[in-house]
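Mind having a look at this structure? Questions to follow.
Chain lettering (A, B, C and D) follows the sequence in which the chains are written, and residue indices restart at 1 in each chain.
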Amino acid sequence: MSDFITNVKENNSIVIIETNGYLNNVGGEAVSTLVYEKMAQGNTKFLINMAGTKIVNSIGVSILIEIIEKLQEVNGKIGYYNLAPIVAKTFNIMGLTKYSTVHETEEAAVNEL
Amino acid sequence: MSDFITNVKENNSIVIIETNGYLNNVGGEAVSTLVYEKMAQGNTKFLINMAGTKIVNSIGVSILIEIIEKLQEVNGKIGYYNLAPIVAKTFNIMGLTKYSTVHETEEAAVNEL
Amino acid sequence: MKQPSVELRLPILPNMELIATQTAEVISRHMNLTDDQGAEISMALIEACINAFEHSKAENNVFINFLIEDDSLVIKVIDQGIGFDKTKVEIPKIENKIGKDERKRGWGLQLIQELMDSVEFESNGEGTTVTMKKNIKH
Amino acid sequence: MKQPSVELRLPILPNMELIATQTAEVISRHMNLTDDQGAEISMALIEACINAFEHSKAENNVFINFLIEDDSLVIKVIDQGIGFDKTKVEIPKIENKIGKDERKRGWGLQLIQELMDSVEFESNGEGTTVTMKKNIKH
């Protein structure tokens, strides 16, 4: 596991990825590598717990857009929870919230995805 | 209460002060003001929980030396617990550990002081 | 009295933009900005820095100046690279990216503009200066 | 290739030394230093900065250079103040301070020397440069 990904688990057949630190190109690629591996194994629903990620850059977030695109091909879904306000704001400005979902808590995320 | 002091309580007639952030001149003075007030009320034993203080400067720590000196006049004592390694090292280099005590946990501190 | 300023000179190495954001945070606290304002400034600064690192083709060193004004924080990010024509940069839209061939990148300038109160670009063959300002509500 | 370096120019304002420590932390992580080494560098840097702020009587601006070498991090803290004679500074001892009239301060230079692997002072009527070095064990 990379430094950026601190935990991976499944809940209700949703893959839940916990991150820590700066979502830059390196962090983004750690997430996309993991998601594509899990997709190859048949998973289609993903959640990212971003409580530990207080800071992102647009390169890292654009890798999430790549993931959203790949998931559309298999009718998959991705969502996020525990976002810092600036991360939520960045996702809004970039329009990720039109193609993926932001949730308050893990429980809400698992129910709503 | 100052920003630097986040909690004050008593345990076994020891005044326990919880700090947060940079122990500089401002933080040091917040602690000394509080300790001198409590001494005026008859308290002689003090502990500082420094879990939230990862960074200090020698001006702040020299104010602790002033407190140690004042406490000697009334046979009082001061100790610290939850020190970051660099804070413990600084206390060692400056010799505070010859006149005051470093403890692992609150429980140990209250028993040992 | 002259307004205080902070200057950084950063080498072009991975994650050096974090020096700029950490500096912005210390200055934001000094100026009593809110946490949200501080985070917006940091995010805009990251984008301006990574542009200077990635696109300017400058040999080395990006300069960042913070000017602490009474009613605003002004930040300049300066590179001595190849420059670019801002009017030729398209405004990104996620609808044009998802499921299309378009490159998923291209958000930096947009983010800077949304997160700061004013932004100016000066750019020519000798480099680029991005000047961005956050107003302080008293 | 020239070794990368980071330069800061800081105004003399409360807590601006934290810009230096935050910068040191980003550089320490870049250089894969241990957390302990990073913290020791930060502490030494705080002391050198507050000396420059407090004692140099410089009008404004303290300069800090970080030189990222293969086997060490070299940091220079430069002020353009009144200077001082290091040989006249007494080595502090807590025994001489507690219960005595002696000023409780006077620990900065001692801390810098204990926390860094080597320290040099150049000082004259035009200012002071403290050069401190942390060796990296590979």
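Here are a few things to note about the model shown:
As a convention for this text, contacts are C-beta pairs under 8 Å (C-beta built on N, C-alpha and C of every residue); 3 or more make two chains touch, one makes a residue touch a chain.
Quantities reported herein were computed from a predicted structural model and do not represent experimental measurements.
Steps from subunit A to subunit D, taking the shortest chain of touch contacts, total 2.
Annotation: omitting subunit D yields the touching groups A, C | B among the remaining chains. Each chain gets one centre point, the mean of its Cα atoms, and the points for subunit C and subunit D are 29 Å apart. Work out the mean CA point of subunit A and of subunit B, and you get 43 Å between them.
Subunit B and subunit D have CA centres that are 25 Å apart.
Subunit B has no residue in contact with two or more other chains.
Shared interface positions of subunit C, i.e. residues touching 2 or more other chains, are given as 14-15, 18. Listed by chain label, the pairs that touch are A-C, B-D, C-D. Chain contact summary for the complex, subunit B toward subunit D: residues 22, 24, 26, 54-59, 61-63, 65-66, 68-69, 72, 84-86, 89-90, 93-96, 98-99.
The touching residues of subunit C, when paired with subunit A in their complex, are 14-15, 17-18, 21, 35-36, 39-40, 42-43, 46-47, 50, 92-95, 97-99, 104-108, 110-111, 114-115. Across the complex, subunit D meets subunit C through its residues 2, 4-11, 13-16, 18-19, 22-23, 25-27, 29-30, 60, 68.
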